[in-house]
Amino acid sequence: MTRRKISILFILLGIGIAFSLPQFVQSNYVLRIAVASGLFILLASAHNILMKVGQLSLGPVAFYGLGAYVSAILSTRYGVPFVICFLAAGVSAAVAGWIIGRLTLKLRIAYFVLVTIGFAEFFRLVALNWTAMTNGPMGITAIPAPALWFKGYAMYYYFILFLVLIVLFGLYRLENSTIGRAMQAIRENEVLGQSVGIDSYRYMMLAAVLSSFIIGIAGSFYAHFFQFLGPEILSFELTITIVVMVIAGGRATLAGPVLGAILFTIIPELLRAATVWRMVIYGALLVTIMLFMPDGIMPSLVSVYQKLRNRFRPAGEPSDLRTTLEIFDTMPQNTGCRQEQFAVSTERCDKEEICKEASLIVEDLCVYFGGVHAVEHVSLSVYPGEILAIIGPNGAGKTTLLNAITRLGPITSGMVHYLGEELNALKAHETAHRHIVRTFQHTSVFPNLTTYRNMVLAHNALEPTGLVTNVFRTSGWHDAEQEIRRRADEILEFTNLKQYVDCVASSLPYGAQRLLEMGIALVADPNLLLLDEPAAGMNPTEVEALMELILRIKKMGITVVLVEHDMKLVMGISDRVAVINYGELLAEGTPEEICQDDKVIQAYLGRCFDDAQTL
Amino acid sequence: MAEFLQHLINGLMIGGIYALMGIGLTLIFGIMNIVNFSHGEFYMLGAFGVLTLFTMMGIPYLLALLLSAVFFLLFGAVVERGILRPLQNQPVDVAMLATIGLSIFLSNLALIIWDPTPKDIGMPFPLIGINVGPITLTPIRVFIFVAAMLLILGSHMFLRNTRFGKAIRATFQDREAAALMGINTNTVNMVTFSWGTSIAAIAGGLLGPIFQVFPTMGAIVSAKSFAVVIAGGLGNFPGAILAGLLLGVAESLGAGYISSGYRDAIAFILIIVVLIVRPTGILGKARRLG
Amino acid sequence: MHKKSVVLLITLLILIALLFTACKPAVEETAAPQAKLEEVAPEEKEAEPEQPASKEPIKFGVIQPLTGPVADAGAYVVSGLKIGVDKINAEGGVCGRQLEPIIMDGKNDPQESVNAAELLITRDGVPIIMGAWGSSSTLAVMPVMERNGVPLIVETSSSGKITTPGTPGFDWTYRFSPMSLMESEAAAPYIVDKLGMTKVAILNVNNDWGRGAAEVFTNVIVANGGEIVSEDFIEQTTTDVLPQLTSIKNSNADSILITTGAGQIATILKQYKELGMTQTVLTTGGSNYPVAIMNLSSAEIAEGTYHLVFYVPSEYDLAGDPAVAKWYFEEYYKRGLPDVGLGESYRGFDGVHVIAQAMELAGCDLSPEALQAAIPLVEFKGLSGTVKFDEREGHQSRPNVYLTKIENGVMVVPDFQFD
């Protein structure tokens, strides 16, 4: 029996126990707590979807309350059947999520946190004061049960269990899908994600809508379970409870919020024995968990377990990272890769023919930041198949130019055309879809993930992205999965990173991290590759290897634009060189021409010219 | 007109306290990148501190206020050292959740220590309204407003004119560069946090006499302070002051003329609108301090 | 990788096991409450009447907010309850057994209160519960009481819905705390004529209590020829009411009606004084014991204000049983309890006596349904008048309502209300 089968067996066993709970537990109290746990699993898991894209919301109760009120008002005032109320609750919450998302998803971190509190409180005050609709603080009573046969708690229990299983299954499928990987990429490194073609806004919106839909139906369940609804459902305390479950359980993992929801439903109940000290202990417990398990309880449990396993596992046994069920994978596996040597291949290759017609045309481009003129009237052409180096002193506007081309930065005036299409109106991820991919000056990888996972995330934008395809795993999904593996292996081979396949990116040697960046860019299938100082910080051996790699990339038919300070590299492999100074194009030509240009020597090259000649 | 003026004055008076709470939070937020949810609890504890010293032990009001301020200076340092420093390299939400845990802990501890009964601090000044033209003022309100403004001004001078104030401002601009220049950013964090804590405690001690003192009094003040921080712009001192006064006036006019029920919504609407329309705050041009 | 799941499952199992140890299952859950009662009743009956000398204490449940924003109110009710329990136990207990209240924190939160109710019924097997303070919590607990077939004695909540037939759990719910309607009816003869409240500004707390009071007092004032000038609702946590008071001051209102807790009333009065206002003040709601108001503000600030209360602690003759009222007043201060709680503590004292009397009336049959049958027979002369649940009024008792005034720094009971 494989490990995967054993995992599935255990999960089935767990589900079996959950299903038979009402059979061997007669206590109403236990069932009630179980139902509450289920409700909180839904809430925490849904809230966690936003955590998966790196956004912390403190407003989940807005959607919870909205769903509950929609459902309660429809059923008590208009006698609408439960099924319709239930769906209406989800849909209205999703619509609210979409609207609020449109307004707020451009905000990040603390700003997003605070604006979501604002919305939740606003919703609460509306529920409290719009007495004509919500009956205000008097609340809505006598909300009917979902059906006549919902007599005891058992029916509610099965209903919530059913919901929880569906939601968790969907989330599991989502996690191991293009969507899940895109979300992971955004959480790990949003800008890099965009540069390989992941539309962060779209996935954040998807997360917001999905999350609010699930929270909305949970709200409907709450209303019909309690049969009474007041504005307390929108209290900030409830938000805190949910957030505690998610973060203390293990944010952005699948099992974390589930564990958190169960633990933090039960702990306060157990603490009842402590009477007045109950909330004091709860608060202290929360601080302690954050201090000692900042990643959450679930990841800490997993890492403790891994330490134990490594102690007992015979050395050399491979970890089967890519084949097992990933539900419990919360911590990257191998973080000790620094000691290994960085190997270089010595193959060389020749120049290819360069086309005559330019693919990328930059026309009279200006980029101003307030009074700072970072790029001033630059016009530049890039021809398919060539390596164009852009050089110039620090602060000359090279990176700003690259940002403008890849649409990560602003354009004040001027035009950027690629293959006849204007890029000005595009977003960053859209340029990647046109096979324009870049790397960054400061090493930019997905730092907490393995090399392999880095490759997989970068491949993401090329795959089928439909929700249905991913959740139901249609044939297109399987083909795509095959393609990812093939592609990742291919690029790992190409960049000589095979040995680091299971190493966490941030633990790689510096040179290997820079190679990984190139690998990430290559996985995204570029036709035009823009490299921002790829050799910065490399030692001569590593530069040597890099030059060889860039030439091989060129040989694959990929056009390369290279921003670089290392003259040996620039003069060694470029077909043409452009020099920028104070935002303006100073000179353009073959390396030899540039080397003899007086203006360039004066402004920038100086004695470096001699170094280049000795190459 | 008289009524409008009275609303305006009321708003300014309460806005002074919002501003005072806001500057502490804005600095903690700006320097340490911490969304501090226990700010309101420090306010609550400050009020209880004054209650214990002034009402129960009979120490003169101003001395009680001073002693409680000094105590919370130390208390803030302990919290920073014990809870926040170990978490400074963690994601924002970890420290945030820790401060939430701390606020639950503190408010419930206060519930046990001082019991849940609301308490009256007693009036350090006679409560007589003085009529200035059409508006009515009381000495205690004027005192609170002046004290708040002096504290804000003092903090501003501290940041502007002292060596350590410069270090704080440098850290605010660029933590890494400041560290490279030999500034001990840990000390900056500690001073910032304990100073913010102490300011919040003073605000509680100032407002205590005109309101009641009870363990959950901090919650709503926390929310208002966040609104001030956001509306004023992150780390923007003049912004926080302006936003505090503006929020006070907007609430007074809103509650007086529109609807009491939605009064507390004004702060949240302010947060929403400012963040969506102008994320850098009402004064714009973020990233400056002092 | 499977070992991870093992760890997880073991953790989960331990948690579930913990849960079981925390609460031994006591009552079997079945669909219909009646069916279940038949199952529970025999074993209770076997245990009780045959061993009348059993020294096992009788447990009953209490759900009050002990933490959170209204923890103070919960603490007052509990203090009265404890005095009541001690008195009953000192006098020999109920059916020869001691009473033992099991007090749970409901935080005045519906979900917490419901969990507490289930825990009380399932783990402790209590046959009757008193609670759950706020109306939202009580309304959420009521369906649970019905499902389990256990009666609920309501001591504070004021929502009319609680005693409206058709509300889930109505059959099992009995309330002795007055509805605002009763206060307004009592005040009807004098509120406009004697107090001169013709142009009234309402400043109430924004919950069912404050909103309910606003509605019924509006009816009474309008019916007696007065009018409502303005209506403001403030949150329970609001401390700054100057904007509302400024508007009232500048309106043509001659009086202010305030319904909220004692702490907030005191805060409002301080600011009323700050603005130098002269409008007549009438507070309602029952937590507004004048001595407490004076303590929380000052005698000078509260001078001249009127307060509608259900229990006038120092006026023993106004209580249902003057002797008990005198004993209670002295006992309360003997225990060093705060003034501010006295006005509300009667709820706990009267509540436990209602429960004790119901147990005696049921012939010491402590099954929930026997208690349910006995509760309508209860007639207890307590601190707030006579508690007797009227079926016609929806299981609602009608307590005394008295007008008090602060005059020269002391509380007086104006005579005109007895005309």
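By letter and in written order, the chains are A, B and C; residue numbering begins at 1 in each of them.
Please note the rule applied: contacts are C-beta pairs under 8 Å (C-beta built on N, C-alpha and C of every residue); 3 or more make two chains touch, one makes a residue touch a chain.
Small disclaimer: the values here were computed from a predicted structure and weren't measured.
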Chain of greatest Cα-centre distance to chain C: A
A-B or A-C, whichever has more C-beta pairs in contact: A-C
Interchain centroid distance [CA atoms averaged], chain A/chain B, Å: 36
Centroid distance [mean C-alpha coordinates] between chain C and chain A, Å: 51
Chain B, residues touching no fewer than two other chains: 108, 111, 219, 261, 264
Residues of chain A engaged with two or more neighbouring chains: 128-129, 276, 278-279
Junction residues of chain C, two or more chains touched: 66-67, 206, 233
Parts of chain B lying in touch with chain C, wherever the complex brings them together: 2-3, 6-7, 10-11, 14, 108, 111, 115-120, 123, 127-129, 131, 136, 138, 141, 207, 210-212, 214-217, 219-220, 251-257, 260-261, 263-264
Parts of chain C lying in touch with chain B, wherever the complex brings them together: 66-69, 71-72, 74-75, 206, 232-235, 237-240, 242-244, 246-247, 249-250, 261-264, 266-267, 270-271, 273-276, 295-298, 301, 338, 340-341
Of chain C, residues touching chain A in the complex: 1-9, 11-12, 15, 18-20, 22-23, 25-32, 66-67, 103-105, 109-111, 114-116, 118-119, 121-123, 135-136, 139-140, 142-143, 147-148, 159, 161, 166-168, 206-208, 210-212, 233
In the complex, chain A residues that touch chain B: 56, 103-104, 107, 109-111, 113-115, 117-119, 121-122, 125, 128-129, 236, 240, 243-244, 247-248, 251, 276-280, 282-287, 289-291, 294
Complex contacts: residues of chain B adjacent to chain A: 29, 33, 35, 83, 86-87, 90-98, 100-106, 108-109, 111-112, 219, 223, 226-227, 230, 259, 261-262, 264-265, 268-269, 271-272, 275-276, 279
